[in-house]
Amino acid sequence: SWFHRSSVLQSTCPPHSGFFGPVEDVMLSSGTFRDKVAFITGGGTGLGRAMTSTLSQLGAVCVIASRKLEVLQQTADEISSQTGNKVYVVQCDVRNPEDVSHCVDKMESLTGLPDVIINNAAGNFVCPSERLSPNGWKTITDIVLNGTAFVTLELGKRLIQRQRGASFLAITTIYAESGSGFVVPSASAKAGVEALYKSLAAEWGRYGHRFNIIQPGPIKTKGAFSRLDPTGMFEKSMIGRIPTGRLGKPAEVANLAAYMSSDYATWMSGAVIRLDGGEYVSMAGEFNELRRVTPEQWKTMEDMIRNTKGS
Amino acid sequence: SWFHRSSVLQSTCPPHSGFFGPVEDVMLSSGTFRDKVAFITGGGTGLGRAMTSTLSQLGAVCVIASRKLEVLQQTADEISSQTGNKVYVVQCDVRNPEDVSHCVDKMESLTGLPDVIINNAAGNFVCPSERLSPNGWKTITDIVLNGTAFVTLELGKRLIQRQRGASFLAITTIYAESGSGFVVPSASAKAGVEALYKSLAAEWGRYGHRFNIIQPGPIKTKGAFSRLDPTGMFEKSMIGRIPTGRLGKPAEVANLAAYMSSDYATWMSGAVIRLDGGEYVSMAGEFNELRRVTPEQWKTMEDMIRNTKGS
Amino acid sequence: SWFHRSSVLQSTCPPHSGFFGPVEDVMLSSGTFRDKVAFITGGGTGLGRAMTSTLSQLGAVCVIASRKLEVLQQTADEISSQTGNKVYVVQCDVRNPEDVSHCVDKMESLTGLPDVIINNAAGNFVCPSERLSPNGWKTITDIVLNGTAFVTLELGKRLIQRQRGASFLAITTIYAESGSGFVVPSASAKAGVEALYKSLAAEWGRYGHRFNIIQPGPIKTKGAFSRLDPTGMFEKSMIGRIPTGRLGKPAEVANLAAYMSSDYATWMSGAVIRLDGGEYVSMAGEFNELRRVTPEQWKTMEDMIRNTKGS
Amino acid sequence: SWFHRSSVLQSTCPPHSGFFGPVEDVMLSSGTFRDKVAFITGGGTGLGRAMTSTLSQLGAVCVIASRKLEVLQQTADEISSQTGNKVYVVQCDVRNPEDVSHCVDKMESLTGLPDVIINNAAGNFVCPSERLSPNGWKTITDIVLNGTAFVTLELGKRLIQRQRGASFLAITTIYAESGSGFVVPSASAKAGVEALYKSLAAEWGRYGHRFNIIQPGPIKTKGAFSRLDPTGMFEKSMIGRIPTGRLGKPAEVANLAAYMSSDYATWMSGAVIRLDGGEYVSMAGEFNELRRVTPEQWKTMEDMIRNTKGS
């Protein structure tokens, strides 16, 4: 059946994906982030790890924070040994404002306040909404929305006090605007994060702060896929509707994030950038399903349309 | 095959459509448009005809305009005989600014300038974009975008000169914002119409004009379906993804249009109202396809997610 | 100065507001909600009160819920004595899932589960974001986002269990999509509510539920204006940029809400309706400030443009 | 008066613009576009010239096309002499499909079909809509919407025939989505271009094509400012509401465009990227005007809010 079979087929990409092969090298020139401090939540795994690795390679001193200290430390060691630049770790549960405050205290003593902030930590799982308890709801929205707000407000206030500028970036998702069933707390919280960042882009420019957003489409990280597509059955149909015919790579998000966080983008604020291989427009457009129509069928249909009379 | 079989199944609605049975009576109280003149392009057929009928029933004197005089005249006679209110017809190809100007001259002599304007005339057909000629492109965009602009600018200028207020409504589509393959000239032109109306909502309020938009989802009119789904193969999959489980009815658009054009909505301007049974959000949300997961499969998936360790 | 002077000028509407005089009668025909139960959070004051009054007049049995029992009771008595239909009150703090659950228990025993649900309760105040504490943030987001989620999930689950359909409506705001400085927790939480409703529109159609949203622009209620424009200095500039030249009236929202909650709108789901006199498009459009250019200045500018050579 | 005075003040940037100083170096590493052919409409002036210069520096062979051959030739010579890479010129009025077809014929013989296509040619001028003639409307929409469509369809078809992939980029504007008064034909046509590109992103991925959009905010080019702000009176108020406190630089758009057109972005399709210093979110957010409130006034307001009782 569809449920069991699909996992077998999961990694078959259509031939046109060949036009869109990923480039995973670091894009910016080394030294772009020299003398800069970058703070990345959830920097120990997945996309956060990729962004940390890229910024570190580009010369930044990085500070990564999340709940699992061991995971953070291992990532830090690995990246640092590759890039030769320091990667500090701070244990922090972003849901807890005091944790966040202590985390920033610690960062201040290690590196000073950051120039680049990336709010990437998140939680998510698929679930029919009628099976969601108030606690299930809060588990996700507390991390994603409150966590991002606590980190952003804490850092913002301290930066303002010191008259320091900074670039803030949040990682949301392509369903933040449209909403999506079966991931409802995540959709709601990510939409909240987007409004938070657009609001502060307008309000805190006067303090030297920029706020931008990346909406990734599906990228195979363990964190995301184990909770969003545990059986693997969903992957094939995602690939089928992604115009570029493949999932994304963490390095592709990392290159975009590095650009947006760099001084090449000082005039970018309040921007929301979708990086999804075209999946969103492909899903949303009402007639895109007609890609299934064959050339022969098109000929038949054209004749039928031509012979239509009247309105 | 899918291509041929689907037409057979086309009208099967899922059981939950029973919760969403259409109400096709006129909603507003009779007399709401007494002493008002309404001008509806494409008023001879489909949605335009339904809106004309509703406004006429509500007391408006209507003027309908399009290319086919006979079709217009027959509609006018039928509606007028039912409602007892005058329905005038004017032949007009909206692509031609002179035609539009003559049409408004004629309307002025028949009824005076309108209080309610509905830009509903349009053309569309499905076609892979690589098969589109410049002429194919222009056929659609000239009617939809230029036609709407010519009608709106001509009426707007005259109303401004006479210091007359008015309500303008444009009928676009749910894919105006997202775009859609296979109906590309229509998507582009309708997006243009939306920008035109939002722009004028801001600019011409000072002259007493309001501008609003309805984006209908799929509604079975001969004009739309014969050129968008000539084989009928598309209908079933549309119904399958519409949360309310059915296509819309012309009378449902007409009731919304009447409200938006009435004095109950004098504070509505620059609004864009989607009326589509939920189709748009259903298509656009990345995980909505999980509606195919059965309760048993959910149990399996929940276990798998629960047993996930680490990020 | 601007700060003190403005309150004096506050209620001057420009002449063109005369074209857009509000109609505050109930729009739908009486009996539209006969045998229906409506549940309105925050139904004791402001817009919630207006919606309750309208639904009650249209035949609904209403249940209103919020924290202040006396306020609720007084409103209930007043409305009920005018309409002759029962208005029940339930004390409930929507931030608390247990409160919400008890509230629904009580409603079930009083009236049974509702056919119409309006999530209208909210909190908000203006504040520079650098002065916001984590508690300030949570005060607003807990009411607006978590409160709406708890009410919606609790009612949704019970309705699903009983196989009952329902119409859900949420009241958000025009800055939910764009974000806005100085009301950042509200902007974030309202954006979250919109994603919640668009998500459930897609997911819970199969259970007979519709989900829609109204985004009101500025409407003078005590609750909103005392916390958003305490000095009154803001009102004039709002009116100056609203194309229809005036603030909205609670009855205008109530008429729209009644339509959206009625069976005339069974094909509306996932819709987001802005009702703001055109304020949003007027603010957002980059060149709308040119409304300040006089006709004479336009002549000068046209000459300058005409004499521009080259690109 | 405001009209005459403003030009004097025009270039004063607020102090916080110091945080957002532009970096105008080429961002990508040289050789990124080696062996690639880039086609840029309107490449002789303004933003088009800047993008051509950047792509040429990065190794691309460029072909630029517009109406004024001399302007093109001078730009081509200047850029080519700086970068050492060929820049070809082709005279072409994009409004005319035959011109476009000849232009592509010529390009094919000079360089072969392009790998990178940038639709940048446009026209615009400020004008109250009641002063717009049908010709004024068509002048702009023919260049912007039809011109972009003709170029895109012609190149797309030929690329498809040869089974060649390509990156398409369109330059639109921040008011494409919101609309804007006083530039209505431009707003409508640019909205149309966005729908065209989002539609083809979904449809033509299968042929190896990507489609993306940049929405620039105000950037001082002669072409734009002479027709949009001929008196200079508008510039100051624009700067005042741009959170980053300054206008953009052509090189900043060029760096973003180069990234989006490069293989680092092969997974980007259907994206719409706003690059506007935050102007859009700043205008659109209802309460952003409160930036004018001083710290002392905030204290007063906080007291008033705190003392508010009831809803």
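The first chain written gets the first letter, and so on, giving A, B, C and D; residue counts start at 1 in each chain.
Note that a residue touches a chain if its C-beta (ideal position, glycine included) is under 8 Å from a C-beta of that chain, and two chains touch if they have at least 3 such contacts.
This structure is a prediction, so every number in the text was calculated from the model and none was measured.
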Shortest walk length in steps over touching chains, chain B through to chain D: 1
Chain whose mean Cα position lies farthest from chain A: B
Geometric centre distance via CA averages, chain C-chain B, whole Å: 26
Chain C-chain D separation of Cα centroids, rounded to whole Å: 36
Intercentroid distance (Cα basis), chain C paired with chain A, Å: 31
Sites on chain D at which at least two other chains make contact: 128, 175, 178-183, 187, 198-199, 201-204, 207, 217, 270, 280-281, 285, 288, 291
Chain A-facing residues of chain B, complex: 2-3, 42, 44-46, 66, 68, 71, 125-128, 131, 173-175, 178-183, 187, 217-218, 221-223, 226-228, 230-231, 234, 237-238, 279-281, 283-294, 297-298, 300-302, 304-305, 308, 310-311
Touch list for chain D against partner chain B, complex: 97, 128-130, 132, 134, 137-138, 141, 145-146, 149-150, 153, 156-157, 160, 175-185, 187-204, 207, 270
Of chain D, residues touching chain A in the complex: 14, 16, 18-23, 27-29, 165, 198-199, 201-210, 217, 242-246, 248-249, 252, 255-256, 259, 262-278, 280-282, 285, 288, 291
